[in-house]
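There are structures below to look over.
In the two complexes that follow, chain A is the common piece, with chain B as its partner first and chain C second.
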Partner chain A sequence: MDVTVQLILNGIMLGAMYAIIAVGLTLIFGIVRVVNFAHGEFLMIGMYAVYLLTTRLGFHPYATAVPVVILLFALGALVQRFIIQPLLNADEHIQIFATVGLSTALINGALMAFGADLYAVEAPIARQTVPLGPLNILVGHMVIFVAALGLVAGLHLFMQKTALGRAIRATAQNRYAAQLMGVKVETIYVISFGLGAACVGLASALIMPLYPATPTIGTYFVLTAFVVVVLGGMRSMYGAFFGAMIIGIVDSLSGYYIAPDLKEVVYFAIFILILIFKPTGLFGFGRGTE
Partner chain B sequence: MTPLRLLSRITEPRVYVSLAALSLLLIVPWLIDSSFAVHIFVTICVFGALSTAWNIVGGYAGQLSLGHTIFYGLGGYTTALLIKHYELTPWLGMWAGALLSVLVALGIGFPSFRLRGPFFSLATIAFLEVIRLLAIHFHGFTGGSAGLIVPLKIGWAWMIFQDKFNYLIIAFGLLVLTLYVAWAIRTSRLGYYLTAVREREDAASAAGIDTTRVKLVAVAISAALTSFIGSFHAMYLTFLEPASMFSLASAIEIAMFALIGGLGTVAGPLLGTLFVVPIAEAARGWLGASANGLHGLVYGTVLVLITLTLPGGLVGTFGKRIAAFVDRLPGARRPDDREAPALRQVTGTSGETVLETRNLVMKFGGLTATDNVSIDLRRGEILGIIGPNGAGKTTVFNQISGFLKPTSGTVAVLGPAGTMVSPRLPDEFARLGIGRTFQIVQPFGKLSVIENIMIGAFMHHHDVEDARQSALRVAHLVGLHRLKDVEARNLPIGDLKRLEVARTLATEPSILLLDEVMAGQNQSDTNRMVEIIRAIRDTGVTVVAIEHNMQAIMSLSDRIVVIDSGKVIAQGDPHVVVRDRKVIEAYLGEDFVHAQGL
Partner chain C sequence: MKVFMAAALAAGLAVSAQPVLAQQVKVGALYPFSGGLALLGDESYRGLELAVEERNAAGGVGGKQLVIIKGDAVDPNQAVGEARRLTSVEKVPFIFGSYASSISLAATQVAELAGIPYFELGAISDPITERGFKNVYRTNPTAKDFANKMVDSIIDAIAPALKADAKSLKVAIIHEDSLYGQTVTGFQVARLKEKGLNLVETLPYSAKSVDLTPVILRLKSAGADVVLQTSYQNDTVLFFRQMKEQGLKLKAVMGAGGGYSLTDTMKAVGAENIEGALNVDFTQYKTNPAGAPGIDAFVKKYEAKYGIPPRSGHSLANYMGSRVIFDALATAKDFSSAGVREVMMKIDVPVGKTPTGWGVKLDAKGQNVQASPYIMQWQGGQLVTVFPPGAAVATMKVGVGSN
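On to the complex of A and B.
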């Protein structure tokens, strides 16, 4: 019994990590209406940036969150401005290929720059465990969990309370109507894409102490994030958050009870079933919300 | 078209130029005579063939699979395992692999084809990941991550050679086979149907296309070809591991070569492969083996640049100019377009009931869009349906053409056996002879006018040439023959409305449903449309027209049904109906009726 509870707790912690990545993906899909196949590679870039800042400039890994979030925001904004924006009215397959091509180029660019070696940073505190009754919890996981809650709460306030947030929501609802109301839609898209990328910037600073960077690390995380986004109804930040928790728990339990190398099979199977039978997501947040 | 008929066209410039260019893939490496050159050309043939096979689903049908290496890997593994355990020659093993691939393709395609755009792509990635992980998990069977070595038995029977040039012969043969299949599909009814499904699924079903079925046929063919290539490539590599056989990166490469060359074209995928593979190999040559990842960087960058600058790919951008140049070369010419003889007369007893609806109720949430609508349609009449905006006229159309399933009530159509039948899906309605147009025109934008009409004509004319002749006749009837080669997306609204009628008419319907085909047209276009509808009726077709243009509908209709708030409020002779108090009230309001003292 204790094992199961510990596994569920681990799953929730793991879910928090997926949640940060998935919220970024949801922002981009929900507002710009583009599925960003290069999202994982943003994470990969963020992780190498954390590595460089830590080893070359002596930052604490967690302290790199600030510069890396800014860097990733800029990267996302540039990608939106120079790759996605010219293709907004293009055929859907062209949009898919643009981000797929970007993803391929970035993975292989990293392979050329850093090779296939693992790059890890030293952050002993992240690996310390804190007892929680009979259970144990990693400090690194706890930091991620708190950050995930903070991110969703912060974005919620931003979307509901600020003029920019309202403009973003209006654009997500109806791009043309928002334009008629004087919203600068193209600027909104650049900001939204930047925000989505900034989320993975945050994720990379928090993940780096626990996982080493490799050129393909992004693919590993983002495929799971896609599962989460679909589970959460694709356009809903809150859906993505809860979807992430579910996938985290499924990951943790199936890794233990079925087989460690089949846990991905389990949640990809869930993914396929949800896509096919309940495309609005588990919680019905799909259409019309956000 | 059989290979023999293709051979008989060898005197045509396009045919002989293509074959000559293709043969360079054998001649050049034979002249260079180095094992590295042979390796590059085997790679080009394999990826060119994989990309061409992918294009049947990804390009023609527009279903962007990013999991196509599933079939490549299944082919390779099946063949290798059959050699290992049963000493079965790969020439037979590849068929077993293809059969398995087709079954898996149907199993994946059937549920996934309902997904659109990026979500279809994501689902295919998920399937690929699942299969790769399973291949690793069941290592006792597949060798797992450690890999599987193909038993080394040399000779043609085992598809493993010391002289590498033999590999190139087989790879080239597979490429030619794949290109031939791709070309045969492109120039057949299936090819047109796939394009129609890609461009507009609704209009495709209205033209009688079973959209799921054609997509499944396409994916089955594509999977079988991909599997053959995978079988061969496994023999060439002699080593299989899940990471390389079920590779996401390769699946993406296959798709990107097709896009770079020109999605949905026959030559595009091969040209895309020829364009980027040598660039990447050359760059690797300059920078040496240290440049790990360089080819992927080149591929990805080229792909992004292509999407930004040449979204039609190489063929889409330069194809027309090259074709025009080739056509100036000496050789035979294709015969001019011929027009089919007059439309066959629809036979049947005039005045018999050909379609009846009983108590149709359609609810959208709290809104009752049609409320107990019962209409009988009699053979040979023109029935006008009028009513204020939002009255539920189009909803009635959607129910009698299968696009909406009524909440309650029935639709019955006179079947070929003389009994009333109740079809379910839009394409079933279409094949029973109910042709419909859409109020908001639904052209296949990237097809020419004549090709748009051919999509309809294919319902009764399976041969492309027959369909073209029949389509030309219809184009003539509606006055679009001068615009036959214009792409539909470039037409003004009046012509689009006529195209809508033409495509439907080409299905040779016995009942024609016209949804506001005169809306937004000028007076001369309207008069022309009235003439066209009369001409259609004279061939025995029963016509139902929704129309707001009162003058036109009054003069055309034998009978009028008035719908308001989902209910039939009046029906009968046009001149009686317009004086009906309820009708005037519906259009002009109660106050007006009182003021007029009616």
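On to the complex of A and C.
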């Protein structure tokens, strides 16, 4: 019994980690309508930035969240402005090639700059466990969980209450109508892509104390994040959050009760089942919106 | 006039170059020099390079100087291309290689077809010498040797250190689920059965896992005493970190080289957390020179040439293998396929007489049957040899980490 509760708890924590990454991916997909295959590599860049700030400038890994979020926002905005924008009216597969190409270039760039070695930061607090009766919970995981809740709540307020948020939602609903209403769609896209990348910036500051950075670290997280995004209904932030929780818990339980190497099989099976019965995902906007 | 001068000059050069060429023997060196495998590929090559320089300083092979012709094989495709270039364009009489098993498996096929001897000094995949090839020779131990050594050490080293009966220990295997992990695990399971040990769990996982807690809780539920892990670097780090977080207490944990051998793994995990972890691998540098004569001299030569201490044991294994092979080639009547095979089969170096401590005696398949990996242990942030006793520099401890 204790084991099951421990596994569910772990799954929720794992889900929170996927949620932060998946929310960023959802923002980019839902608003700019681009599948960003370089999302994991943004995470990788963020983690190296956290490493450098921590070891060279003496920041605490968590304190790097502020500069790294700004850095990643800028990176995302630049990628949108100079790589995606010129291709906005091109075929979807050309946009896909652009982000896949960017991903390959970034991985190899990191290999050249840092080599294949792994880089870890010292953050003893994050790796401390807090005993909760018979259960163990990691401080670093709790921080991620709180941050994930805060991120979704914050973005919700931003989208609902601010003029910019309304403009972003309008653009997501109908690009041309928004343009007719005086929304500068291209600026909105640059901001949205930046926001999506900034989420990954937050994720990198929170993940770095738990996982060392390597050039391919992004690929560890991002495939799951894609599953989460589709499961959540492609364009829904809340869907992404709950999708991440489901995947996290399934991942954790099936790893123990079935087999650690079959957990992907289990969550892909659940994924396919959900899509059979609800083709637009858990929080989809109904047929035709995609 | 100018043309005539140039022609005369060229002719003169050709004439003067001719005797020099006859005094040389080309040595093909096929390693990954660029790409993701480059670091340890280059480290492996340095062993060969030092052996060649040493041999040339001592007069070469049969009075001829050795000249290395490099081939850069980043992946199996390029390995085929470069092996073809070495055999047909450069016309090398033999090739040395290759660090990575995938590269060796591809390149040896080209060499076999061309009838050119291929000397493998570092790749561990068993099938390299199990395809009935007549021109492939390997001086290093194989994956099966690694697996057997890990299982045997439970009986020979771990159980005595714990003062326990080996058959009473609960053994679990965890491994990453690609070809590397599956191969080693397959051999381990067979050996465990053969030795009648108690295997309680075999848990494969993806090397890209971001959470090994389920694996650790399974080990906890099964009450595992000894864990054998075949892993890369990231999953090794994750396992040690999460083992501490979940309070898993093991009597011993042993890795099959890979992630366990790297200093960066120790740094990422923390010296106090990896303390006591055992590892089976090629001979490393914290080894007793009495069991590995020449290891000190090698390290000195290496530092003199490259300005840093050796980055891993790969260079030593390649150095040792190429030295033994050059000794054999010096006695060959020619470098034809048959001529080389004849001298290779005659090699008989006893265990404990080479810089790696390995002996050399090839079986009919060309595989060295006298090479065995050593057991090392992380102690105070250093990977020290603890078994066999002849090569040990420290006594084996029990327990893992600060748990």
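The working rule: the second predicted complex is superposed on the first by the 268 of 290 C-alpha atoms of A that agree within 3 Å, B and C clash if a C-alpha of one lies under 4 Å from a C-alpha of the other, contacts with A are read in each partner's own complex, and residues count from 1 in each chain.
By our rule, a contact is a pair of C-beta atoms (placed from the backbone, for glycine too) under 8 Å apart; a residue touches a chain by one contact, two chains touch by 3 or more.
This is a predicted model, so every value here is computed, not measured.
Student: Since both structures carry chain A, what do chain B and chain C do when superposed there: clash or fit?
Tutor: Aligned through their shared chain, the two binders clash on chain A.
Student: Considering only the touch criterion stated at the top, classify A:A259 as touching first (chain B), second (chain C), both, or neither.
Tutor: Once the two structures are laid over each other on A, A:A259 reaches both partners.
Student: Using the superposition on chain A described above, determine whether A:L118 touches chain B (first), chain C (second), both, or neither.
Tutor: A:L118: touches chain C, not chain B.
Student: Quick one: is A:I28 in contact with chain B, with chain C, with both, or with neither? Answer first, second, both or neither.
Tutor: In the superposition, A:I28 contacts neither chain B nor chain C.
Student: Is A:M44 touching anything from chain B or chain C once the two structures are fitted on A? First, second, both or neither.
Tutor: Once the two structures are laid over each other on A, A:M44 reaches no partner at all.
Student: Quick one: is A:D251 in contact with chain B, with chain C, with both, or with neither? Answer first, second, both or neither.
Tutor: After superposing on A, A:D251 lies in contact with chain C but is clear of chain B.
Student: Thinking of the overlay built on chain A, is A:L53 touched by chain B (first), by chain C (second), by both, or by neither?
Tutor: neither
Student: Is A:L72 in contact with chain B, with chain C, with both, or with neither (first, second, both, neither)?
Tutor: After superposition on chain A, A:L72 lies in contact with neither partner.
Student: Go through the superposed model and pick first if A:M208 touches only chain B, second if only chain C, both, or neither.
Tutor: The answer is neither, since A:M208 touches no partner chain.
Student: Between chain B (first) and chain C (second), which does A:N10 come into contact with in this model arrangement: first, second, both, or neither?
Tutor: second
Student: Can you tell which stretch of chain C collides with chain B among 59-67, 77-85, 221-229 or 239-247?
Tutor: Stretch clashing with the third chain: 77-85.
Student: Which chain A residues are contacted by chain C in one complex and by chain B in the other?
Tutor: 111, 115-116, 219, 259, 261, 264
Student: Show which residues of chain B lie in contact with chain A when the two form their complex.
Tutor: 62, 64, 66, 111-112, 114-115, 117-119, 121-123, 125-127, 129-130, 133-134, 136-137, 248-249, 252-253, 255-256, 259, 263, 291-297, 299-304, 306-308, 311
Student: What residues on chain A touch chain B, complex-wise?
Tutor: 35, 37, 83, 86-87, 90-98, 100-112, 115-116, 215, 219, 223, 226-227, 230, 259, 261-262, 264-265, 268-269, 271-272, 275-276, 279
Student: Quick one: in the complex, what on chain A touches chain C?
Tutor: 3, 6-7, 10, 14, 17, 111, 115-118, 120, 127, 129, 136, 138, 210-212, 214, 217, 219-221, 224, 251-256, 259-261, 263-264
Student: Tell me, which parts of chain C touch chain A in their complex?
Tutor: That would be residues 36, 39, 177, 203-206, 208-215, 217-218, 221, 233-234, 237-238, 241, 244-247, 264-265, 267-268 of chain C.
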